[in-house]
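Presented below are the structures under discussion, each in the form of structure tokens.
Here subunit A shows up in two complexes: once beside subunit B, once beside subunit C.
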Partner chain A sequence: MTLDLSLLPDGGMPWITASGPHADIVLSSRVRLARNLSGFPFSPRAGDAERLRVLHQVREAAADTALLSRAILLRVDELTTGERHLLHERHLVSRELAELDAPTARSGSAVLVGDEAALMVNEEDHLRLQVFRSGFDIAGAWERAAQLERELGERLPLAYHHEFGFLTSCPTNVGTGLRASVLVHLPGLVLTQEIGKVLTGLQQMGLTYRGLYGEGSEVVGNFFQISNQTTLGRTEDELCDHLARVVAHVISRESEARRVLSRDAGYIIEDKLWRAYGTLRYARSLGADEAMNLLSGVRLAVGMYLIGGLSVYTLNKLLVFSQAAHLSLAEGRPLTEIEANLARARYVRGVLAVEAGEA
Partner chain B sequence: MLCDQCRERDAVVHLTQIVESEVTQLHLCEKCAAAKGIETTVAMPKHPLGDFLHAVQQQASPSAGDQVRCAYCQTSLRDFRASGRLGCAQCYTAFEGALRELLRRVHGAARHRGHEYEAPAVSSEETALEQLRERLQQAVAAEEFELAATLRDQIRALE
Partner chain C sequence: MTLDLSLLPDGGMPWITASGPHADIVLSSRVRLARNLSGFPFSPRAGDAERLRVLHQVREAAADTALLSRAILLRVDELTTGERHLLHERHLVSRELAELDAPTARSGSAVLVGDEAALMVNEEDHLRLQVFRSGFDIAGAWERAAQLERELGERLPLAYHHEFGFLTSCPTNVGTGLRASVLVHLPGLVLTQEIGKVLTGLQQMGLTYRGLYGEGSEVVGNFFQISNQTTLGRTEDELCDHLARVVAHVISRESEARRVLSRDAGYIIEDKLWRAYGTLRYARSLGADEAMNLLSGVRLAVGMYLIGGLSVYTLNKLLVFSQAAHLSLAEGRPLTEIEANLARARYVRGVLAVEAGEA
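Presenting the complex of A and B:
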């Protein structure tokens, strides 16, 4: 199977357009719901034939839903390692589903990708449905996720317990099965060294943070994924509202930090950010983390109106398409680290030259 | 439990030493353990699964309960304690008591307050039988005879 994502609007990344509220600080808002079908062992425990039957039933049910009727099915178990990495770089599949280090993924693993929603099948739970929205829009993501879940639940018997709620493979997800998260860019708080306090505060508020790629990923480029930690004992609305309230506060702290930076360290910060831009514009080799950190600087500069003529949309694209699996796909072959660094610099240079009107 | 060395702080490191077939157990606090050069970086993981497994392990005094198995998928409480994952929806009923306590620790609550759900109507007993029969066929086809025997017993019980 060759991976063709060209049919998907925005390549399966509705958040990339940067059209949502606070898009310069919040890249995306996501709501994920974990569900299982009753009558089958959970995916890790199920046999090959059972997982294929789960996939079959889910496909049929999804075809009748408003959000996934025209979705594209990608059989993750038929993809190469490189293709699975690519989907992971687009946040379309989790690390668990992609099995990034294994030669093949678990049989029956798949993802249905629609315009506004995606549905992972045979992850650690049979169903992991997720809705991404551009910018800060938890409510919009929850509304669509709830609609899709309702439609699927009317067609598929979901595993539900009168006391524990929706049953999941790992009890950390049981109850609502809901994980709401926002991907935020907080360079102002990092530079003013306020970030430690903010992160501690998040944990005291029952929230947790991770890096750009969720569980187990490191924080690079000042990108933080903030999400609810618990899923049981509160309603879906309460979980979403609580996260939204706290994140709204984080956004205002970040804006304040940026004001302080331009007031107290105006020329220093301006110089630092233009240097980041200059490196991206002209470097001949860029490491993955290095590019991420420089892009963070340029994103901050755009947010502070120091650099004009560059859109957040372009920055979002650079963030995704400058990653290793995307560069490999563009070059049409697997790349060594050195080759990837050269290809990354070439790609970023090209995009920025076009934006600057020089190409 | 107090530290065997200083008798002041709580012991957090439990060391089993075997010297010439003589087994000794040493319980130390973090400070005394560090003084003895024993690695004590038992950093608390900050993701929910980590917290959860930590809670699971704290409870993991081996007991007869560990041998309890879920009749549907054969996962035992011990398997769950090792992996942090349940095997199927029925595990929640099989290990209900132990889970309730763990859920309270992890989520601060053990009762669902979100959306309620009713599955689309099908006779549950019939589907259960149907599913068991299908699983039996698959088990036989895959030559998993031990599983097949268990499934056959379950089918008989339901019939």
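Presenting the complex of A and C:
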């Protein structure tokens, strides 16, 4: 199976356009629902034949839904490691699916990618449906996810317990099976050193934070994924509302921090951010983390109106497409780290030169 | 007195054009001759009236010479500190003349600036004539200096002792009164860590090295001034020949070091130098030493054909005009260090944008 990404509008990333509210601070809002089919063992314990039957049933059901009727099916079990990593870099499959060492042992793992929603099949749960929205729009993501879930539920026997709610492979997801999250960029709070307080506050409000790539990923480039920690004992609306209220507060804290930086460290911060831009424009080798950090600086500069003529859409694209698996696929071969660093610098330079009208 | 630099072709810096041999490695070749008039105390011990009489006589004599007949007279004793520093940044007056705290106490100190030669009057010696040439051209500098000295000697009673030679205020200059020097850029030898050996070798050959601004100045940006240490016991031709032979060897060592860097550290060095260019293109604040170091990197990149479309002439100009006194004069007022750093970054950005065809 060859991955033809040209079939996916914006490469399966509707959030990348930066067209949503507060897109300079919030990259994306996501709602994910975990569901399982009754009558089958959970995916990790299911045999190949069972997993393939799950995939077959889910596929049929999805074809009848508004959000996934025209979705593309990607058989993760048939993709190369590089292709799976690429899907992970786009947040379309989990790290777990990307890291599979023996794809045959996981036959039936797949992802359906639609314009607005994606559906992982045979990951930790039989179904992991997710909706991404650009900017700060948890309600919009939840609305679409709920609609998709309703349509699937009408066609599939979802495992549900009257007391626990939806049953999931891992008990931390039981109940609503919902994880709502926002990917936020908080360089202002990092630079003013207020980030510690804000993160502690989040945890006290029952939320949690992670790096750009979810569970177990480090925070790089001042990008934080904030999400609900519990899935049980509250309704989906309550969970989403609560997250939205707290994130709205974080956004205002970040905006305030940027005002303070402008006022108290004007030329110092301006100099720092323009230097980041200069390095991205001309470096011949860029490490993955370094590129992320420099892009973070330029993103802040654009948000503070210090650098003009550069869109957040372009910066979002750079963030995704400058990652190792994307570079490998673009070059048509696996790359060593040194080669990837050279390819990354070349790619970033090219995009920024075009954006500056110089190429 | 107001300093009208527009009267000076290339601002009194014929060497800046980078038109001479090996101009990518050798910025300038200079021959300086120290002379005194008999019948007057040395300048540091002379009274105001004597100093003014010296200036008067020198001026009359210079008007009859080929190299200084159309020279501009700058009365250093009437210039502001800023203007004097500016002349020092152009290597037209010594640090000593620039640092004068009480200009009236040094009445009669002046510099005659011609197209090809300059003549300081009433510095440590009554006359300090110097000829700068672009690139590696000690013979050319010596030839013109000798001609000027002959013409002046025919019109002025130069203090000469049959045994010691020309008498000078400081015994280290006695004899020929000659200092021949080349300003070389040796980043290749610094990066390959061979510079220590080369500098030790110079000293063993009776030469000495200093920073960009001569005696007591630190080495910044890998710019070294190499000159003869002794002035006595050899003829001027011998001193110049010896320096030229050793410098020719240093140039070949530097070229070899650059080849080694290209071969062994290709993309690493390319990346480093392009980053320097990126910082110069976009930084909002640049310290004096930092700018010098970054310009040094870009100069190396141009010499190694890694960066095109940028002339060594422009880099020479940036080196001189981005210094504090030049920036102050351009802004029309004294600048604090922070202001100078901002002005420096603005100036460098502007010049490089023009050179890149973007402004």
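Definition applied: the second predicted complex is superposed on the first by the 353 of 359 C-alpha atoms of A that agree within 3 Å, B and C clash if a C-alpha of one lies under 4 Å from a C-alpha of the other, contacts with A are read in each partner's own complex, and residues count from 1 in each chain.
Keep in mind that, in the parts below, contacts are C-beta pairs under 8 Å (C-beta built on N, C-alpha and C of every residue); 3 or more make two chains touch, one makes a residue touch a chain.
Bear in mind that the values here come from a model prediction, so they are computed numbers and not experimental data.
Colleague: Judging by the criteria at the top, classify the pair subunit B and subunit C on subunit A as clash or fit.
Modeller: On the superposed model, which is not a single observed complex, subunit B and subunit C fit side by side.
Colleague: Which partner chains sit in contact with A:A345 here, subunit B, subunit C, both or neither? Use first/second/both/neither.
Modeller: After superposition on chain A, A:A345 lies in contact with subunit C alone.
Colleague: Could you look at A:E358 and tell me whether it touches subunit B, subunit C, both or neither (first, second, both, neither)?
Modeller: The second partner, subunit C, only.
Colleague: Is A:I268 touching anything from subunit B or subunit C once the two structures are fitted on A? First, second, both or neither.
Modeller: The second partner, subunit C, only.
Colleague: Touching A:G233 in the superposition: subunit B (first), subunit C (second), both, neither?
Modeller: first
Colleague: From the overlay on chain A, compute the angle at subunit A's CA centre subtended by subunit B and subunit C, rounding to the nearest 10 degrees.
Modeller: 130
Colleague: Contact-wise, after the overlay, does A:R281 reach subunit B, subunit C, both or neither (first, second, both, neither)?
Modeller: Second partner only, subunit C.
Colleague: Which touches a greater number of subunit A residues, subunit B or subunit C?
Modeller: B
Colleague: Contacts for A:I72 in the overlay, against subunit B (first) and subunit C (second): which applies, first, second, both or neither?
Modeller: Neither partner.
Colleague: If you've got the overlay open, could you tell me the nearest Cα approach between subunit B and subunit C in whole angstrom?
Modeller: Subunit B and subunit C, overlaid via chain A, are at closest 39 Å apart by C-alpha.
Colleague: For the complex, which residues does subunit A have touching subunit B?
Modeller: That would be residues 36, 38-42, 44-45, 47, 49-50, 124, 146, 153-161, 163-167, 169-172, 174-176, 178, 203, 208, 210, 215-216, 229-236 of subunit A.
Colleague: Within their complex, state which residues of subunit C touch subunit A.
Modeller: 267-268, 270-271, 274-275, 277-285, 338, 342, 345, 358
Colleague: For the complex, which residues does subunit B have touching subunit A?
Modeller: 46-49, 51-52, 72-73, 75, 84-89, 92-93, 99, 102-103, 106-115, 117-120, 122, 127-128, 131, 135, 138, 141-142
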